[in-house]
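To keep things simple, chains are lettered A, B, C and D as they appear, and every chain counts its residues starting from 1.
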Amino acid sequence: MAAQDLRDALVVLALPFAAFLLLGVVRPLRRRGRLAGIVSIVAVAAALVVAVRLELFGAGSDAVGLWPWLPGDGGPMASVGAVVDVLSRKMLVLVTLVSLLVQIYSLGYLHEESAPGLGRYFAYHALFAFSMLGLVLSPSFLQMFIFWELVGLCSYLLIGYYYDRPSAARAAVKAFWITRLGDLGFVAGIVMLWAATGTFDFAPLFAMAKEGTIPFEGFGLVMFLIYLGAVGKSAQFPLHVWLPDAMEGPTPVSALIHAATMVTAGVFMVTRAYPLFVAAPDVLWLIGTVGAFTALLAATMACVENDIKRVLAYSTVSQLSFMMAAIGSGVPRAGFLHLLTHGLFKALLFLGAGAVIHAVGTNDIFRMGRLFRALPGTGTVFLVGTLALAGIPPLPGFFSKEAILTGVWESGRTGVFAVLALTAFLTAFYMFRVMFVAFFGRAHAPYEHAHDAPPSMAVPLWVLAGLTVLAGLRLAMGGGEEHAPPWLLALSLALAVAGFVLAWAAYQAGVVSASALASTFPLSLVDSLARRRYFLDALYAGLYRGVMLGFSRLIGWIDRYLVDGLLNFLSACTLRGGDLLRGIQSGRAQDYLYGVAFGLLALVVWAQLWLRRP
Amino acid sequence: MSPFTLEAGLGVLLLVVFVAGLAARGSDRRWIGWLVLAGVAGLEALAFALSPVEPAPGAIFVQDGLALFAKRLFLAATLVGVLCGLAPAAGPFARRAAEYHLLLLSSLLGMLVLASARDVILLFVAFELMSIPLYVLAGFAKRDGTAVEAALKFFLVGSVSSAVMAYGLSFVYGAARTTALAGVARAASSGDPLLILGLLAALTGFGFKIAAFPFHMWVPDTYEAASTPFVAWLSVAPKAAGFVAIFRVYFEGTGAGAFWGPIVAALAAVTIVAGNLMALPQENAKRLLAYSGIAHIGYMLVGVAAASASGTAMVLFYLVAYVFGNMGAFLVVEAVARAEGSEHLGAFRGLAQRSPLLALAMLLFLLSLGGIPFVAGFWAKLYVFWAAASAGLYWLVLLGAILTVVALFYYLVVARRMYIDAPVHSGRIRLDPALTIAVLLCVLGVVALGLWPKPLVMAALRVAAPLY
Amino acid sequence: MTDFLVRIHALSVITWSPFVGALLIMFTARRHPLAVRLIATVSVSVSTVLSILAYAAYNRDAAGFQFYEKAPLVEQLGIGYELGVDGISLLMVLLTSIIIFAGVFASWTVATRSQEFYALLLALVTGVYGVFVSLDLFVFFLFYELAVLPMYLLIGIWGSSGDVRPRGIFAWAYRETGVGSKEYAAMKLTLYLLFGSAFILVGIFALYVSAGATSFSFLDLEAASFDPRLQRWVFLAFYVGFGILAGIWPLHTWSPDGHASAPTAVSMLHAGVLMKLGAYGVVRMGMGLLPDAAASLVWLVGGIACINVVYGALSAMAQVDLKYVIAYSSVSHMGLVMLGAATLTEAGLNGSVFQMFAHGVMTGLFFALVGLVYEKAHSRAIFSMGGFGRAMPGIATAFTIGGLSSLGLPATSGFVAELLTFMGAWASAHPWWLVPAVAGTFLTAVYVLRVAKQIFWGPPSPHFSHLEDAKGPEWVAIVVLVAVIVVFGLLPSLALAPVDTATVPLLARILGP
Amino acid sequence: MGGVGEERRSLPPTSNDPVGLNAYLILAALVFSVGLAGVLTRRNAIGILLGIELMLNAVNINLAAFSRFGGDLTGVVFALFTIAITVAEMGVGLALVIAIFRARRTVEADRLDLLKG
């Protein structure tokens, strides 16, 4: 049975890969655009079927398959393979599901794209699905890193899908560089871990952690470096700056990669390697602290953002940090639960936002208004997503967030708990801010042309909305393994309602002036800092332009004009020396005779010196 | 066999040429050249047929291995030199062919005797017999102002050097009380300052002949102005003779290598540096080769400075490689000059497209001179450095190796003109058959020695061994 | 299969087939450009097919030198024509085949004097093959020179000049020497490499003499044991001599100028294979023959390699000329190669050899693409370009893949090489080497993606029109190289399995039992 | 080669000669020096030839003196050869001077500098 599970998992993995190969190699097929999309969609749909079967009817036991990858003297240095367990089974379903829906949605969303461009888009999507599935199935750090980088590549390619837009090009490389910064920590960490333990595989590593071989000396550093990978990928402070910019990509991409799946890879990795992180409590503490801090930071930025996608992006950063904070506080299960639920409703929100943008042609919420009337379907599903994210029961966001808060509270990290609670309040605030401003606020322009999304876009929206509700109901009925204290439930709800009320007061009822609120100290300080993104983007730009490029120019100059210059100097001196020396060849016979005479003299003197040498 | 066979044969040839010159009529007497060619070829064959003769004790004329080795080399060089002189040449060379060849052969006779001389007087006489015709040959085109100017400079430097040399040799005689080199060698062990002074002064004369810095200054002017076939020969044969004389006087049986080694090493060092550096800015092909030749003399002096049998052998090997490489290069210059009317490096532009054969030959010669594998010069440099390193002269080897890079620079500049630059004129260059054969002979020599240096190395080692 | 290959003297055929092709081209195909190309393709294909067969037939259990051939040349001096390959050299032979196969197609459009171009190129390739397969150090050296010399003409005739402004305290020297021109580059490269070869020659002779002056055979010298003092000096001589070719800092400056000026196929071959030859020399001769010195001097090799990695990457970042970027990236990657070798660990040494291969293919691809871009846009100035991706999507894709391999993205061969180097570095006696190695890959990501973004992304530049994608035979080069990058990235054991059989005994010799 | 202090044969004094060998050697050295000075300083080619003649004559003085004081005739034979060679050399030299005068209308050594560098 376990072998059957393993085979199923590999089939799930292979289907999108086959689609990618087909699209990558067969150029005519790729250039047919929609046909390419259908190929990819069929593959992912088949993968979803297998994944669901695996989740519902699989053996349920863990299965691992390993094949040697890097040969070495006395056994392979590294292996690749697949692991099927609770985590990976759930992730398989999530990834294939969201992938499928987003790809279907894309057919409608990108219907105006040229056929070759569309083909390229779906080829990237197929590659992404393969990579993400490979990541969740990884039985070893090394394989995880491989797919980790591949999903990063897909992210880079898809952010830069509109490659002739300079902003998209910039955002793509920015995302790649910044996540790369973390990834290098990751790879350095696993290399160190390998040097100390001789393996990349999770199973033996966990066994070592259990029997106490781990932690060894310097283990904290190793785990910190590995955690850096998650910092980059899951947009933790201070490497979170790429994610808002990544919204330059097509909106479905944001939904899939930058909300539901890829960005959660960091959380997934830390969850997967949790037995190791437990052995490094300092790192775990750091994960929790940074998570809480980032959650708040991102939430404040979401509150002042006007671009609907960027609000969602900051919200993603914030929610990812919730998960990280949960893991850091010792409740990885709660974090993972939030990962799954967030994947559903954030994809929903992004796709909804995509439908809105598709309809009105702008990202700025203050140039929207009364959209609910024009786009009732979209508005409804967006509202479902908003309620879920804000943490209104019985939608799933409430339960997973509440599980996190409970876990954090029980772990005794009061500071983290307080910050997260504040963030939960802000979450509700900024989401309802969008809701009120865009969907119920004053109309700034008439939207005669705005209409609800075509079926290829609407169906995925409704499916996601339905699944969100279903998941919430299931959690409400069967969930709640964590026995939260009632006051905490109340607090959660209260925070969400408070956020809603404040947003209503400020943006709908006009009871409170948002600008006046923002200009009172200390909110004014936060407001202005958040609007400037806490100067982090500027800092990175400065480091890049000033320090890195500046230093490279210095090195380039040194190489060209000093290192090479010295060589040229020597050659030029030689050439010049020849020129000078030929001056003695004056052409006058008597100078030549002087040569003979001096030669004789020099010979005699030299012989004298030689004879008289001590 | 008498030790004088070759010299006697050459004497006969001189007589024949003399008579032929008297009998010749008309303004084109180049057929005498063919006669000379045949004669020299015969002598070369004879030289290879001969074997060394064990010298009688106290003999002043010896036909030992070294002498025979050197004579074969002189004859080979002369063969090539005469061959390329046969090609159509203007005015005096056609009309006065007998005179030209008589002078050439007289000088050759001087060399042959020099190689065998074991007596100071004989050495000096042979030396002058070799030198004086060269002055005349340099100014052979007596209507050409520059040629005569060069000849006069050559003559002045040459005769002053030989005066200094004679003055030195008089001290050698005075100190050693004998003119036999064997006696001089015995006296050398006494360390008489007068003898050392004499030998130092004599070294000036030899330095002039081999063109070591700073006695080299006649070389560029003479090479530039004199006729190229003659220069090709001048650049190798008398040099070889000079080296043989140096081995005879300073090293053979003296046991004084430890004294002369460092002095020669200093000479070698300045010669390598000066030759290579001064070659860098040259734009005239013959001048360039003149300076590069000076540098090569420096490299050979490195082998001399090793003051060992292997060093001497390697110099002999170097000389052979140098004969083919350098003569070949001059011959190509001659061929190009005939087609283009210029010996400027610019005349080589695009040679590869106009005459691939000539360009390839020149490239091979340049590579040989530069010391690149597969051609003779590589082994020559390698062996010389090896010998010097075995003698502990690491600094000299290092200096030589570094300046090899400089040398490659100017050789590659020529290669660049031939292969990289576009030709100025179009059309293929017509080659004279005699000249082509001469070039091919040199190519053969360079390549054969490059691929298969061993027999010659062994031969050189054999003849050099008895000197020490 | 093995018998068959031995019987036909496969290594000899691989080595000399291009040379025969060169001769045929020189003497038969005058004024028939297509015939020239066909002869070149056929002669190179013979080598390529045979090297793939040899690669497949190599007995991984027996290890050691296989397909051995020997014929005495100068018995008295112990010089012989002795050929054989082990896992390392076999991979290098394969690399050479791949690159030259692609190179022949990449230079399909050479218009001027194509006959001579192909003849020289093929002669050069024979030199490269010869170096990798010869087991006699003397013959090795001869092949080495054959691999260097044609470069002068290849760059001088078919190269392109760049633009370097005289600046700095040595500005007058720049005017004096004509820095930037192809003639300058050709001269610099040739002289520098010949200068290096002098050190190699000295080292070879030192070993030959102190081993009793009886044999130049690698196997005999390997069996001899040398005095540690001598070993140190000879190791340094090899290190400098081969290091110049491998582009070690600060002796690397011939490489950017040379590679930037060289025509496409020559850059491919030179950066792709010849620089590896330097590293190969250090590993094979330096470490293989002088194990004690290797063990005591790796700190130097590794330390300088660290400088190379970071310094090369930063220099690449500072360039505004596309070819210079690629050339400096080679300097940086050669640092990784040397670093891997210096770790003296199995992973590191495997990584080093794999990096030679991976970087060879990757940089070959880069130069092929840059050549195409230059051919179509007639410019190398990065910051005047933009938006080329629309007109040349194929080139853009291939460039991206090459770039990803260069920055070590998984699924490309560059990743495996870098990973193994990292593993080796941390496991070595100098774990801090990991830091510059990792930093180097980040810097690589910065400059490669920056260049790719500038050239292929963004709005189309107004300076260029009539751009087009690669076509016809040019695709062959691109497709072959991309395929190799990806296949070896996914299945590294294809290359590593034979390499491992060679590196493990080598390490055992250096580190002792 | 040895150094100072080794036993060294002294030239035997010859009877009936009021001045010793050294006087001849000094004379020869003076003549040589005068010749060399002439060679280096005269601008006229004929003058330089004369200088060379003087230098070679110094050689002859040396040879004759050594021969006389050494008691063998080899030196004299040497001197005879030297004289003959000197004559030949001067013949060539004068011929060249004439040729150059014809070609260039000058025999000033300073002005013969078409070839240089």
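Criterion: contacts are C-beta pairs under 8 Å (C-beta built on N, C-alpha and C of every residue); 3 or more make two chains touch, one makes a residue touch a chain.
Every value quoted in this text rests on a predicted model; they were computed, and no experiment measured them.
Set side by side, A-D and B-C show the greater C-beta contact count at B-C. A separation of 65 Å divides the Cα centre of subunit C from that of subunit D. One finds 96 Å separating the Cα centroids of subunit A and subunit D. Averaged C-alpha coordinates put the centre of subunit B at 43 Å from the centre of subunit C. Annotation: 77 Å between the Cα-based centres of subunit A and subunit B.
Contact of a single residue of subunit C with at least two other chains is seen at no position.
Shown for subunit B are the residues that touch two or more other chains, namely 152-153, 156, 160, 164, 196, 220-221, 259, 281-282. Residue positions 3, 36, 39, 48, 109, 112, 114-117 of subunit D are each in touch with at least two other chains.
Screening every pair of chains for touch gives A-B, A-C, A-D, B-C, B-D.
Touching subunit B in their complex are the following residues of subunit C: 74, 76-77, 113, 116, 141-142, 145-146, 149, 152-153, 156-157, 183, 186-187, 190-191, 194-195, 198, 201, 205. Chain contact summary for the complex, subunit A toward subunit D: residues 582, 585-590, 593-594, 597, 611. Contacts from subunit C toward subunit A in the complex involve residues 164, 167-174, 176-177, 179, 188, 249-250, 253, 257, 311, 314-315, 317-319, 346-347, 350, 387, 389-390, 393, 404, 407, 409-411, 415-416, 419-420, 422-423, 426-427, 431, 434, 438-439, 441-443, 445-447, 449-450, 453, 456-460, 492-493, 496-497, 500, 504. In the complex of the two chains, the subunit B residues touching subunit D come out as 120-121, 124-125, 128, 132, 135-136, 139, 142-146, 148-153, 155-156, 159-160, 162-164, 166-167, 169-171, 173-174, 177-179, 188-192, 196, 220-221, 224-225, 256, 258-259, 281-282, 287. Here subunit D touches subunit A in the complex through residues 3, 36, 39-41, 48, 109-110, 112-117, going by the rule given at the top.
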